[in-house]
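Across the two complexes that follow, chain A remains constant while its partner is chain B and subsequently chain C.
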Partner chain A sequence: MDVIERIKNTLSEHPIVLYMKGTPDFPMCGFSMRTSQALNATGAEYFSVNVLEDPEIRANLPRYSNWPTFPQLYINGELIGGCDITLELYESGELQRMVAEAAKQATAQ
Partner chain B sequence: MRPNELKSLLETAFPGARIEVASPDDVHFQAVVVAETFAGQATLARHRMVYAALGKRMGGEVHALSLRTLTPAEAEGG
Partner chain C sequence: MRSIFHELADTGGLRLNAPMTETIRARLQQTFAPTALDVIDEGHLHIGHAGEGSGHFRVRITSVAFAGKTRVQQHRLVYGALGDLMGHGIHALAIEVGLPGTRSTKNSLV
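Let's look at the complex of A and B:
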(Lines of atoms letter the chains of each structure in order from A and count residues from 1; the text may use other names and numbers.)
(Lines give C-alpha, C1' and ligand atoms only; values in the text may rest on other atoms or scores of the structure.)
Protein backbone atom coordinates (compact mmCIF):
# COMPACT_ATOMS: atom_id res chain seq x y z
CA MET A 1 0.00 0.00 0.00
CA ASP A 2 1.12 3.52 -0.80
CA VAL A 3 2.52 5.35 2.24
CA ILE A 4 0.02 8.20 1.97
CA GLU A 5 -2.80 5.63 1.88
CA ARG A 6 -1.35 4.03 5.00
CA ILE A 7 -1.30 7.40 6.78
CA LYS A 8 -4.88 8.14 5.75
CA ASN A 9 -6.04 4.69 6.87
CA THR A 10 -4.40 5.04 10.27
CA LEU A 11 -5.92 8.47 10.76
CA SER A 12 -9.40 7.32 9.76
CA GLU A 13 -9.26 4.18 11.92
CA HIS A 14 -8.15 5.88 15.14
CA PRO A 15 -9.64 9.07 16.59
CA ILE A 16 -6.39 9.97 18.39
CA VAL A 17 -3.04 9.18 16.78
CA LEU A 18 0.44 10.11 17.98
CA TYR A 19 3.32 9.74 15.54
CA MET A 20 6.39 9.70 17.75
CA LYS A 21 9.98 8.57 18.13
CA GLY A 22 9.80 5.39 20.20
CA THR A 23 6.69 4.25 22.03
CA PRO A 24 4.75 5.71 24.98
CA ASP A 25 6.47 3.10 27.21
CA PHE A 26 9.90 3.64 25.67
CA PRO A 27 10.06 7.10 24.13
CA MET A 28 13.31 7.74 22.24
CA CYS A 29 13.22 11.53 22.31
CA GLY A 30 12.39 14.06 25.02
CA PHE A 31 9.76 15.83 22.92
CA SER A 32 7.97 12.57 22.12
CA MET A 33 8.18 11.63 25.79
CA ARG A 34 6.61 14.86 27.03
CA THR A 35 3.86 14.70 24.43
CA SER A 36 2.89 11.12 25.25
CA GLN A 37 3.01 11.93 28.97
CA ALA A 38 0.54 14.77 28.45
CA LEU A 39 -1.76 12.41 26.53
CA ASN A 40 -1.40 9.73 29.20
CA ALA A 41 -2.34 12.29 31.82
CA THR A 42 -5.64 12.97 30.04
CA GLY A 43 -6.50 9.28 30.45
CA ALA A 44 -7.35 9.06 26.76
CA GLU A 45 -6.76 5.93 24.74
CA TYR A 46 -4.64 6.70 21.71
CA PHE A 47 -2.92 4.91 18.89
CA SER A 48 0.81 5.51 18.56
CA VAL A 49 3.12 4.96 15.61
CA ASN A 50 6.87 4.65 16.16
CA VAL A 51 8.36 6.51 13.19
CA LEU A 52 11.85 5.20 14.01
CA GLU A 53 10.57 1.75 13.01
CA ASP A 54 8.80 3.03 9.92
CA PRO A 55 11.27 5.10 7.88
CA GLU A 56 8.76 5.52 5.07
CA ILE A 57 6.28 7.24 7.38
CA ARG A 58 9.07 9.29 8.93
CA ALA A 59 10.14 10.50 5.49
CA ASN A 60 6.67 11.22 4.10
CA LEU A 61 4.42 12.34 6.93
CA PRO A 62 6.07 15.79 7.22
CA ARG A 63 5.18 16.49 3.58
CA TYR A 64 1.65 15.16 3.99
CA SER A 65 1.03 17.25 7.09
CA ASN A 66 3.16 20.30 6.26
CA TRP A 67 4.85 19.87 9.65
CA PRO A 68 8.59 19.15 9.68
CA THR A 69 9.23 17.38 12.97
CA PHE A 70 8.01 14.65 15.34
CA PRO A 71 5.99 14.08 17.45
CA GLN A 72 2.77 14.90 15.59
CA LEU A 73 -0.58 14.58 17.32
CA TYR A 74 -3.78 14.03 15.31
CA ILE A 75 -7.34 14.12 16.57
CA ASN A 76 -10.08 13.03 14.17
CA GLY A 77 -7.58 13.05 11.32
CA GLU A 78 -6.54 16.63 11.89
CA LEU A 79 -3.05 17.73 12.89
CA ILE A 80 -3.18 19.34 16.34
CA GLY A 81 0.53 20.08 16.58
CA GLY A 82 3.82 18.95 18.02
CA CYS A 83 5.17 18.96 21.56
CA ASP A 84 4.83 22.70 22.30
CA ILE A 85 1.22 22.95 21.17
CA THR A 86 0.17 19.71 22.86
CA LEU A 87 1.67 20.82 26.19
CA GLU A 88 0.11 24.27 25.85
CA LEU A 89 -3.30 22.66 25.23
CA TYR A 90 -2.79 20.31 28.16
CA GLU A 91 -1.86 23.11 30.54
CA SER A 92 -4.93 25.13 29.54
CA GLY A 93 -7.21 22.09 29.98
CA GLU A 94 -8.17 22.20 26.31
CA LEU A 95 -6.47 18.89 25.44
CA GLN A 96 -8.56 17.06 28.04
CA ARG A 97 -11.72 18.51 26.47
CA MET A 98 -10.59 17.64 22.91
CA VAL A 99 -9.74 14.01 23.66
CA ALA A 100 -12.95 13.51 25.66
CA GLU A 101 -14.93 14.89 22.73
CA ALA A 102 -13.08 12.63 20.26
CA ALA A 103 -13.73 9.57 22.47
CA LYS A 104 -17.42 10.44 22.75
CA GLN A 105 -17.77 10.79 18.97
CA ALA A 106 -15.98 7.47 18.44
CA THR A 107 -18.36 5.68 20.82
CA ALA A 108 -21.40 7.26 19.21
CA GLN A 109 -20.46 5.96 15.75
CA MET B 1 24.09 26.34 13.73
CA ARG B 2 24.72 29.08 16.27
CA PRO B 3 21.67 30.63 17.93
CA ASN B 4 22.61 33.97 16.36
CA GLU B 5 22.45 32.51 12.85
CA LEU B 6 19.00 31.13 13.51
CA LYS B 7 18.00 34.48 14.96
CA SER B 8 19.09 36.37 11.85
CA LEU B 9 17.26 33.90 9.56
CA LEU B 10 14.10 34.58 11.54
CA GLU B 11 14.71 38.32 11.55
CA THR B 12 14.88 38.25 7.76
CA ALA B 13 11.64 36.29 7.56
CA PHE B 14 9.81 38.35 10.19
CA PRO B 15 10.97 41.96 9.77
CA GLY B 16 10.39 44.05 12.87
CA ALA B 17 9.69 41.03 15.07
CA ARG B 18 11.19 40.64 18.54
CA ILE B 19 13.11 37.38 18.51
CA GLU B 20 15.01 35.46 21.14
CA VAL B 21 16.86 32.24 20.37
CA ALA B 22 18.71 29.95 22.76
CA SER B 23 20.41 26.60 22.30
CA PRO B 24 22.39 24.35 24.62
CA ASP B 25 24.10 22.49 21.75
CA ASP B 26 23.53 24.35 18.43
CA VAL B 27 21.13 21.58 17.31
CA HIS B 28 18.18 21.90 19.69
CA PHE B 29 16.76 25.41 19.84
CA GLN B 30 14.24 27.38 21.81
CA ALA B 31 12.83 30.49 20.20
CA VAL B 32 10.39 33.20 21.11
CA VAL B 33 9.03 35.17 18.18
CA VAL B 34 6.84 38.21 18.84
CA ALA B 35 5.36 39.47 15.58
CA GLU B 36 2.30 41.41 14.51
CA THR B 37 1.88 39.07 11.54
CA PHE B 38 0.70 36.31 13.92
CA ALA B 39 -2.48 38.24 14.73
CA GLY B 40 -5.58 36.24 13.82
CA GLN B 41 -3.57 33.03 13.28
CA ALA B 42 -3.90 29.87 15.37
CA THR B 43 -0.77 28.54 17.06
CA LEU B 44 -0.47 25.73 14.50
CA ALA B 45 -0.41 28.24 11.64
CA ARG B 46 2.10 30.46 13.48
CA HIS B 47 4.48 27.56 13.99
CA ARG B 48 4.12 26.58 10.34
CA MET B 49 5.11 30.14 9.35
CA VAL B 50 8.30 29.86 11.40
CA TYR B 51 9.09 26.38 10.06
CA ALA B 52 8.49 27.60 6.52
CA ALA B 53 11.04 30.37 7.05
CA LEU B 54 13.65 27.74 7.93
CA GLY B 55 12.78 25.38 5.07
CA LYS B 56 15.02 22.34 4.79
CA ARG B 57 17.06 23.34 7.83
CA MET B 58 14.21 22.02 9.98
CA GLY B 59 14.94 18.40 10.80
CA GLY B 60 18.46 18.87 9.43
CA GLU B 61 20.76 21.46 11.01
CA VAL B 62 17.89 22.35 13.30
CA HIS B 63 17.06 19.03 14.93
CA ALA B 64 14.35 20.51 17.11
CA LEU B 65 12.86 23.92 17.65
CA SER B 66 10.70 24.66 20.64
CA LEU B 67 8.56 27.67 19.83
CA ARG B 68 6.59 30.41 21.50
CA THR B 69 4.84 32.57 18.94
CA LEU B 70 3.06 35.67 20.20
CA THR B 71 1.63 38.91 18.90
CA PRO B 72 2.96 42.08 20.58
CA ALA B 73 -0.39 42.42 22.40
CA GLU B 74 -0.17 38.84 23.73
CA ALA B 75 3.44 39.38 24.82
CA GLU B 76 2.36 42.51 26.75
CA GLY B 77 -0.47 40.67 28.39
CA GLY B 78 1.40 37.77 29.64
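Let's look at the complex of A and C:
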Protein backbone atom coordinates (compact mmCIF):
# COMPACT_ATOMS: atom_id res chain seq x y z
CA MET A 1 0.00 0.00 0.00
CA ASP A 2 1.14 3.51 -0.83
CA VAL A 3 2.49 5.35 2.22
CA ILE A 4 0.07 8.26 1.80
CA GLU A 5 -2.77 5.77 1.69
CA ARG A 6 -1.47 4.16 4.85
CA ILE A 7 -1.44 7.55 6.57
CA LYS A 8 -4.97 8.33 5.41
CA ASN A 9 -6.20 4.92 6.55
CA THR A 10 -4.67 5.30 9.99
CA LEU A 11 -6.17 8.75 10.38
CA SER A 12 -9.63 7.62 9.30
CA GLU A 13 -9.57 4.49 11.47
CA HIS A 14 -8.57 6.21 14.70
CA PRO A 15 -10.11 9.41 16.05
CA ILE A 16 -6.92 10.31 17.95
CA VAL A 17 -3.52 9.50 16.47
CA LEU A 18 -0.10 10.43 17.79
CA TYR A 19 2.87 10.03 15.46
CA MET A 20 5.85 10.01 17.78
CA LYS A 21 9.43 8.88 18.32
CA GLY A 22 9.17 5.75 20.42
CA THR A 23 6.01 4.63 22.17
CA PRO A 24 3.95 6.15 25.00
CA ASP A 25 5.57 3.56 27.32
CA PHE A 26 9.07 4.05 25.92
CA PRO A 27 9.28 7.49 24.33
CA MET A 28 12.60 8.11 22.57
CA CYS A 29 12.49 11.90 22.56
CA GLY A 30 11.56 14.47 25.18
CA PHE A 31 9.06 16.23 22.93
CA SER A 32 7.27 12.97 22.14
CA MET A 33 7.36 12.07 25.82
CA ARG A 34 5.74 15.31 26.96
CA THR A 35 3.09 15.13 24.26
CA SER A 36 2.09 11.55 25.10
CA GLN A 37 2.11 12.42 28.82
CA ALA A 38 -0.34 15.25 28.18
CA LEU A 39 -2.57 12.89 26.22
CA ASN A 40 -2.30 10.24 28.94
CA ALA A 41 -3.32 12.83 31.50
CA THR A 42 -6.56 13.48 29.61
CA GLY A 43 -7.42 9.79 30.01
CA ALA A 44 -8.06 9.57 26.28
CA GLU A 45 -7.50 6.39 24.31
CA TYR A 46 -5.30 7.10 21.36
CA PHE A 47 -3.48 5.26 18.63
CA SER A 48 0.25 5.86 18.46
CA VAL A 49 2.68 5.26 15.62
CA ASN A 50 6.39 4.92 16.31
CA VAL A 51 7.99 6.73 13.37
CA LEU A 52 11.43 5.44 14.34
CA GLU A 53 10.21 1.98 13.36
CA ASP A 54 8.54 3.17 10.18
CA PRO A 55 11.06 5.16 8.14
CA GLU A 56 8.61 5.53 5.28
CA ILE A 57 6.09 7.31 7.48
CA ARG A 58 8.85 9.35 9.08
CA ALA A 59 10.01 10.53 5.66
CA ASN A 60 6.60 11.19 4.13
CA LEU A 61 4.27 12.38 6.88
CA PRO A 62 5.97 15.80 7.12
CA ARG A 63 5.25 16.38 3.43
CA TYR A 64 1.68 15.13 3.74
CA SER A 65 0.94 17.34 6.74
CA ASN A 66 3.19 20.27 5.84
CA TRP A 67 4.73 19.94 9.32
CA PRO A 68 8.44 19.15 9.54
CA THR A 69 8.83 17.70 13.04
CA PHE A 70 7.58 14.95 15.35
CA PRO A 71 5.47 14.39 17.38
CA GLN A 72 2.33 15.17 15.39
CA LEU A 73 -1.08 14.88 17.02
CA TYR A 74 -4.21 14.34 14.93
CA ILE A 75 -7.82 14.44 16.06
CA ASN A 76 -10.44 13.32 13.54
CA GLY A 77 -7.81 13.39 10.81
CA GLU A 78 -6.84 16.99 11.43
CA LEU A 79 -3.38 18.05 12.53
CA ILE A 80 -3.68 19.62 15.97
CA GLY A 81 0.01 20.38 16.35
CA GLY A 82 3.28 19.25 17.83
CA CYS A 83 4.54 19.33 21.40
CA ASP A 84 4.18 23.08 22.03
CA ILE A 85 0.59 23.36 20.83
CA THR A 86 -0.51 20.13 22.51
CA LEU A 87 0.89 21.22 25.88
CA GLU A 88 -0.65 24.64 25.48
CA LEU A 89 -4.04 23.08 24.75
CA TYR A 90 -3.66 20.76 27.72
CA GLU A 91 -2.82 23.60 30.08
CA SER A 92 -5.82 25.63 28.95
CA GLY A 93 -8.11 22.59 29.35
CA GLU A 94 -8.93 22.66 25.65
CA LEU A 95 -7.23 19.33 24.87
CA GLN A 96 -9.40 17.55 27.44
CA ARG A 97 -12.51 18.97 25.75
CA MET A 98 -11.29 18.04 22.27
CA VAL A 99 -10.46 14.42 23.09
CA ALA A 100 -13.72 13.97 24.99
CA GLU A 101 -15.61 15.29 21.97
CA ALA A 102 -13.68 12.98 19.62
CA ALA A 103 -14.42 9.98 21.84
CA LYS A 104 -18.10 10.88 21.97
CA GLN A 105 -18.28 11.15 18.19
CA ALA A 106 -16.49 7.82 17.80
CA THR A 107 -18.94 5.93 20.03
CA ALA A 108 -21.94 7.62 18.38
CA GLN A 109 -20.89 6.27 14.99
CA MET B 1 28.11 21.48 34.31
CA ARG B 2 31.05 23.74 33.71
CA SER B 3 33.27 20.94 32.48
CA ILE B 4 30.58 19.72 30.10
CA PHE B 5 30.34 23.15 28.56
CA HIS B 6 34.06 23.30 28.14
CA GLU B 7 34.11 19.92 26.47
CA LEU B 8 31.41 20.97 24.04
CA ALA B 9 33.14 24.23 23.31
CA ASP B 10 36.34 22.30 22.59
CA THR B 11 34.61 20.07 20.08
CA GLY B 12 32.92 23.07 18.53
CA GLY B 13 29.52 21.80 19.68
CA LEU B 14 28.40 25.12 21.06
CA ARG B 15 30.37 27.37 18.77
CA LEU B 16 28.84 25.75 15.69
CA ASN B 17 25.41 26.88 16.81
CA ALA B 18 26.30 30.52 17.24
CA PRO B 19 25.94 31.35 13.53
CA MET B 20 22.81 29.18 13.33
CA THR B 21 20.93 31.42 15.75
CA GLU B 22 21.94 34.33 13.52
CA THR B 23 20.77 32.52 10.38
CA ILE B 24 17.43 31.77 12.00
CA ARG B 25 17.13 35.34 13.21
CA ALA B 26 17.88 36.78 9.77
CA ARG B 27 15.30 34.61 8.02
CA LEU B 28 12.56 35.38 10.53
CA GLN B 29 13.42 39.06 10.48
CA GLN B 30 13.16 39.15 6.71
CA THR B 31 9.92 37.18 6.49
CA PHE B 32 7.88 38.58 9.38
CA ALA B 33 9.34 42.01 10.18
CA PRO B 34 8.73 41.15 13.85
CA THR B 35 8.34 43.75 16.56
CA ALA B 36 10.04 41.36 18.99
CA LEU B 37 12.30 38.42 18.22
CA ASP B 38 14.34 36.07 20.40
CA VAL B 39 16.26 33.10 19.07
CA ILE B 40 17.68 30.94 21.81
CA ASP B 41 20.05 28.00 21.47
CA GLU B 42 18.72 25.36 23.85
CA GLY B 43 21.23 22.70 22.91
CA HIS B 44 22.53 22.67 26.50
CA LEU B 45 19.11 21.38 27.68
CA HIS B 46 19.46 18.31 25.51
CA ILE B 47 23.00 17.13 26.18
CA GLY B 48 23.05 13.35 25.99
CA HIS B 49 20.00 13.32 23.74
CA ALA B 50 21.41 10.69 21.34
CA GLY B 51 24.29 13.04 20.54
CA GLU B 52 21.80 15.55 19.23
CA GLY B 53 22.22 18.22 21.88
CA SER B 54 23.03 20.74 19.20
CA GLY B 55 20.24 21.88 16.93
CA HIS B 56 17.62 22.60 19.59
CA PHE B 57 16.34 26.15 19.39
CA ARG B 58 13.55 28.27 20.79
CA VAL B 59 12.01 31.14 18.90
CA ARG B 60 9.92 33.88 20.51
CA ILE B 61 8.45 36.06 17.84
CA THR B 62 5.89 38.85 17.81
CA SER B 63 4.51 40.01 14.47
CA VAL B 64 1.27 41.19 12.89
CA ALA B 65 1.92 38.54 10.23
CA PHE B 66 0.42 35.98 12.61
CA ALA B 67 -2.86 37.81 13.17
CA GLY B 68 -5.98 35.83 12.37
CA LYS B 69 -4.08 32.55 11.99
CA THR B 70 -4.61 29.32 13.90
CA ARG B 71 -1.76 28.01 16.01
CA VAL B 72 -0.99 25.34 13.41
CA GLN B 73 -0.93 27.97 10.66
CA GLN B 74 1.35 30.23 12.75
CA HIS B 75 3.84 27.43 13.34
CA ARG B 76 3.69 26.40 9.68
CA LEU B 77 4.57 29.97 8.69
CA VAL B 78 7.63 29.87 10.97
CA TYR B 79 8.70 26.44 9.67
CA GLY B 80 8.14 27.68 6.12
CA ALA B 81 10.33 30.73 6.63
CA LEU B 82 13.13 28.49 7.94
CA GLY B 83 12.69 26.12 4.99
CA ASP B 84 15.67 23.83 4.46
CA LEU B 85 17.12 24.65 7.89
CA MET B 86 14.56 22.29 9.39
CA GLY B 87 16.41 18.99 9.60
CA HIS B 88 19.63 20.65 8.43
CA GLY B 89 20.99 22.51 11.42
CA ILE B 90 17.69 22.67 13.27
CA HIS B 91 16.79 19.41 14.93
CA ALA B 92 13.98 20.72 17.09
CA LEU B 93 12.30 24.07 17.40
CA ALA B 94 10.10 25.39 20.18
CA ILE B 95 7.94 28.23 18.92
CA GLU B 96 6.23 30.98 20.88
CA VAL B 97 4.18 33.29 18.74
CA GLY B 98 2.81 36.62 19.91
CA LEU B 99 0.75 39.36 18.37
CA PRO B 100 1.71 42.98 18.94
CA GLY B 101 -0.07 44.32 22.00
CA THR B 102 -0.76 40.90 23.53
CA ARG B 103 1.23 38.53 25.66
CA SER B 104 3.08 35.84 23.74
CA THR B 105 1.77 32.31 24.13
CA LYS B 106 3.42 30.39 26.89
CA ASN B 107 4.93 26.98 26.42
CA SER B 108 6.09 24.83 29.24
CA LEU B 109 9.33 23.37 28.06
CA VAL B 110 10.88 22.88 31.45
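Methods note: the second predicted complex is superposed on the first by the 109 of 109 C-alpha atoms of A that agree within 3 Å, B and C clash if a C-alpha of one lies under 4 Å from a C-alpha of the other, contacts with A are read in each partner's own complex, and residues count from 1 in each chain.
As a convention for this text, a contact is a pair of C-beta atoms (placed from the backbone, for glycine too) under 8 Å apart; a residue touches a chain by one contact, two chains touch by 3 or more.
Bear in mind the structure is a predicted one, so any value in this text is a computation, not a measurement.
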item: Partner chain in contact with A:Trp67 - chain B first, chain C second, else both or neither; value: both
item: First, second, both or neither for A:Phe31, with chain B first and chain C second; value: both
item: Of chain B and chain C, the chain that contacts the larger number of chain A residues; value: C
item: Touching partner for A:Glu88 - first (chain B), second (chain C), both, neither; value: both
item: Partner chain in contact with A:Leu79 - chain B first, chain C second, else both or neither; value: both
item: Interface residues of chain A shared between complexes with chain B and chain C; value: 31, 66-69, 79-85, 88
item: Touch list for chain A against partner chain B, complex; value: 31, 62, 66-69, 79-85, 88
item: Residues on chain A engaged by chain C in the complex (per definition of touch); value: 28-31, 34, 66-69, 79-85, 87-88, 91
item: Interface residues, chain C side, partner chain A - complex; value: 46, 49-50, 71-72, 75-76, 79, 86-87, 92-96, 105-109
item: Complex interface listing, chain B residues touching chain A; value: 43-44, 47-48, 51, 58-59, 64-68
